[in-house]
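Naming follows writing order (A, B, C and D), and every chain is counted from residue 1.
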């Protein structure tokens, strides 16, 4: 790979990406464009601008954008249509944000004539894969620079030395090492590393930042109603809201009731296991609600097919293959299933849990006429069941007969 | 089908199966053998014996058996090795009990020279299918009698009249109609019908029989440790127990903390949707614990394969295909995966929830050496990730290049 | 089910459906509308009109339609996009024609105010299921009449007697029983029953009607080129043709070279095995060609996903679930994959076989630059493979280390 | 990776691996152990011994083994139980041989105290992945050396110069470059590269080495019978044979009749497409025969499940994951299905094709009593089909009703 001339850097404004910024300038002598996105991580973006300017980035090379609506509408919601969970439990909060960042990096590269993009993910994790697969899919000629895999700043001491040497301001609380590593966006906050590295040890309370401890949550349950149209949440308690607003609201409900905590050991795509603490307050409520509305609006054929491909869909997102033909094919399948996933779910929120307690819809397939224990006025002829069972049993009888015949 | 001469009836001792017993005698003039199983449903079996005798069943034709250990060891535990849930949420508590009952019905038929078996399931539900598919698979020549699909006792009034006419004792509280229908065993209690038939209405509190309301559960969390060997739970808090004892204990923990409630609309195999309230206190804890131990003892290849076939496995059990080649094939696959699923999980139980908070095992695949944020002493070479990403990206680059080429 | 007043009958003009026509009139006293479709079965339709008139059907109640283009365009081609084969070998020639017939039956019922449709499939086969599931899906209120399951005309003698009694003309060659049963359309001819019922006996030569015996095929191979656009064949040897014309042409190539014969024992949806002889001359060439063009235009992610869902897709069509949400969901996935399946395949046809021997496309993903044994000018860095392998191996190493540790 | 001290080399005796042998000695100064296996590739092994001696390998370090029986029994046959084909058509002939070679390399390393193994696969192909994943799975501490990824002998000229410089004898016909690259074993011969690199060009006739051109095959068909026990072929024409003998015999039948040629563009695991010519004469017959016997001995549940997991199983083998938990899990599933796959298939071999024409078995599930067009003496009640269809249709009716309701 020839040296990059102009690089678009995914820039948070924090110490680590500031070091990367400076390292790119010094190592490659290249022009740097910064991209700072508001994905709902809960941090001010203005300081990032100031810091970028301080580090010598030209104003026209500083991109700061609020992408929350796009994030929820085009990434989070499509994923939730699938009820996607990785390895049974993880709601993919980090995974789903990476493709959007890469997309904007590549687009900005094309706008600014940059030949490379750069990110601050390490060589051990999944995020490097997600950033880079997305970037290469969107622009096969782009260069991707991953400083953590290249440089020799392999310890905290070296990093701080590099920072001081290059006049990068170091916040007081960054002098010491953080006790764990954090990623956050509108969907979730993840924490991992350091104090969390032994999965036999309970996570300390201070790791949780996004939700109250269920023990400290209100002693009374709260009931809310979430309305869906074609698989996407569109209103809470009857009030229509934009995608990002809905997720923000659900996050607040979840935070308050201690919902969405997960202590998890997962398999990274790069081959090792890692332990993370995830907090996905609104997403956990949303998943429960979406399942609730599907219960009455999806038929079994659609639902079972969705269930059977979900693990693969989730794995694709986790592994960084958002911009792959197979993810798009599965999305087409999933979206097709959601045409009638319209209606309202009532949930009970209480001390760490969100449970569906009622659901209704004009699109409901639930037929009281058929299921009732009462007289059903001919909606269903119980005698049909005899034939249904006989023909389902036929092959089993033939198998049973073979077993007896061969024994005899 | 020619008339049966001798029938083995799945007999609970309750009013409905007593009516069936008498109806078999009067309708077919056949000899009846009763089979009453203790599956952990929490009812005394002695009254069933007395009632059978009262209805004229010969003592040698009365079979009363405690099958709880067999139930958990040979049915519940194998199913939990798969983390089986139907339609995302239901732990299959009713489904998994039916094959065992059918198996004993068929065995007793062979022991007693009976040519038929009979059950009390209705023509609208899944249980008729489960009973009959299992019976036919185990004995392709057996006759199965399903009185609810045959007789004209189509209303409560007619049933009671038949009972009175035949001197079947009617408990006072059975005169009126039950407000809903219940099935119970060691794994769960299900409630459905009547007051539950409108899925837009919240279930009344009195429906829940097996668990305390989370609001009434203890205000302090409780921590327990569950130990697994090759995928099956073998001890709680270090105390080794038999399968049924473990489930019984977990049920008590779950009951106390309000764990395992589910308000659910599901797709029946016979084609309609129905709404049920399930309480699976111990099973819910067990599922969480099993997932927890798998997190450190299963590698991703094994785990993802299991996840991908699980929906099909669950569907087979739900639909009544326990004794089918495909269920046995999937079981072989699942059991193969569990050889190293050995270790201990620590769970937090609190007001409706069971969460894994720690796990450890001699069989753990978790490698702190590889995952650590600290120096890893060469366990992992971050530069390998570059090649890994490049080759995973290659096809995406070729796709991206095609897209650009065709546009250009 | 109340008696039908007006019935749309799938009418071939043959003896059996003529008997059904008359039986419907006499049994139910209902008005009959006939629908006769040209699906490419190779029979004149005019006699069907005359015969219907002879049997008293009013001219406005006689529907005769050439649906070959619709059949290939909307049913055959979408199915071939999936490379669908049932149980590894069967190209689904009968299965795919049934939904179209049912669709027209239901539409004609709605146009003519009929309340029922009727078909001539027996109670043992798959076709009854396919006809009826399609009809009920398209009009849940329609009645479906399946005379073979209702009447007592259970032997050839009784059928002929009924025909004579009702002045239904009987062709001389229909007096005796046919030695086997045939179904045909533009995609295939199937033969089953009677002389074919013992799968241990070779099918007699006279069963094959649609293809020459490979031994009698030309001694010289013939080469043809099939061009695809977005997954559908659009031209042969550079000549653009309509869907039905292409299949007709391919049939002629296949017939001449003895291509597409299959002697097969399959699992019917109704639970039994049956043996059939299938001849799918053009379809066999088309499948090979479609696979050939996908080889260079689909990437592995898309191709492997398609392969993995194909058996389920084929099973749905075989079982009669064309008009089901899950078939439509899978179709959405498949169609999404075909956007770039455009290009040309060259095939060698010779004595029973069709083999791809070359293929090219502007949409090709094949990169000689990458794969070449020669110098590749940096297209591919072989050192990347080392990292790729190391990270793919990581979990296997951890598994291997566990095995050694536990043994040690 | 520290330098290896003693290396076990997969040694064919040919020029390339002889160069590798010498390069290992000179580059690393390490002791070399050679392993040469007779996998049925059709070459004498004695010359390999002599050449190894000539290159200075100590006699006790020269391993030459006939592994044909192990190859077919423990690798080929288990794979054929699955009817495994990669991307619809490729019988995996190269893929399945690699794990066995790696297994012996690792075992010999342990016997001889070697710390490394080496292979002659290039950095662009799948074989490097297969060799190395297998080696690492079996011994996580082994070093694997892949000279083609390391050295700078990047052109034919440099290789020959190295050979001359190191007194490696060069056969006359190896001076020029081979027009394509070949791999062979008892299951297949593959050819790729050079003259085959343009998939739009037909492969020249001289590429085919293992089978006669169908045009040159006998003008008369030949019929053979293959007998299976529990999924594995055990006899031809009634004569019992060992696994390798059976495959050898079938190869001869296939060669003679021009069976098993495949011109194929496939997706390599490393991300690119490549074109290969495969000849799998015996394997192609074996696959057809195995499908034939499964048709009457597997029920639909077992068969459809096998079909649905087959693509994943084949992909695992292709990608080199033979020694992975998921391959072993799938094998357990597949093997479970084969318990009754016992019986005999009759095949017609003729000018490039092998077709099943008859099959019989004591384990057959085919029931003429059920399927017959004649009177079936009550084996099957056609009226059962009505109920079967009604309940399968129920959800489709509810879907249809919804569609009408929402339109109305």
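Quick note on the criterion: a contact is a pair of C-beta atoms (placed from the backbone, for glycine too) under 8 Å apart; a residue touches a chain by one contact, two chains touch by 3 or more.
Just so we're on the same page, UniProt names per chain: A, B, C, D = Argininosuccinate synthase.
Since the model is a prediction, treat every value here as computed from it, not as a measurement.
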### Summary
Every chain in contact with both subunit B and subunit C is listed here as A, D
### Task
Could you say what rotation angle superposes subunit A on its sequence twin subunit D, using C-alpha positions and rounding to the nearest 5°?
180
### Summary
So, in whole Å, the Cα centroid of subunit B is separated from that of subunit D by 41
### Query
Just curious, how far off is subunit D from subunit C if you go by their C-alpha centres, in Å?
31
### Task
Name the residues of subunit B that each touch 2 or more other chains.
267, 270, 272, 299-301, 304, 312, 321, 324-325, 364-365, 367, 370, 380, 383-386, 388, 391-395, 398-399
### Query
Which part of subunit D faces subunit C closely enough to touch in the complex?
83, 87-89, 122-124, 128-129, 132-133, 136-140, 146, 148-149, 154-155, 181, 193-194, 197-203, 214-215, 219-221, 261-268, 270-275, 291, 295-296, 299-300, 303-304, 307-308, 310-312, 315, 320-321, 323-325, 346, 350-353, 355-360, 364-368, 370-373, 375, 380, 382-386, 388-389, 392-393, 396-401, 404
## Note on the structure
Counting only contacts in the complex, subunit A reaches subunit D at residues 299-301, 340, 362-365, 367, 370, 380-381, 383-388, 390-392, 394-395, 398-399, 402, 406
### Task
Within their complex, state which residues of subunit B touch subunit D.
267, 270-272, 298-299, 301-302, 304-306, 309, 312, 321, 324-326, 328-330, 332-337, 391-395, 398
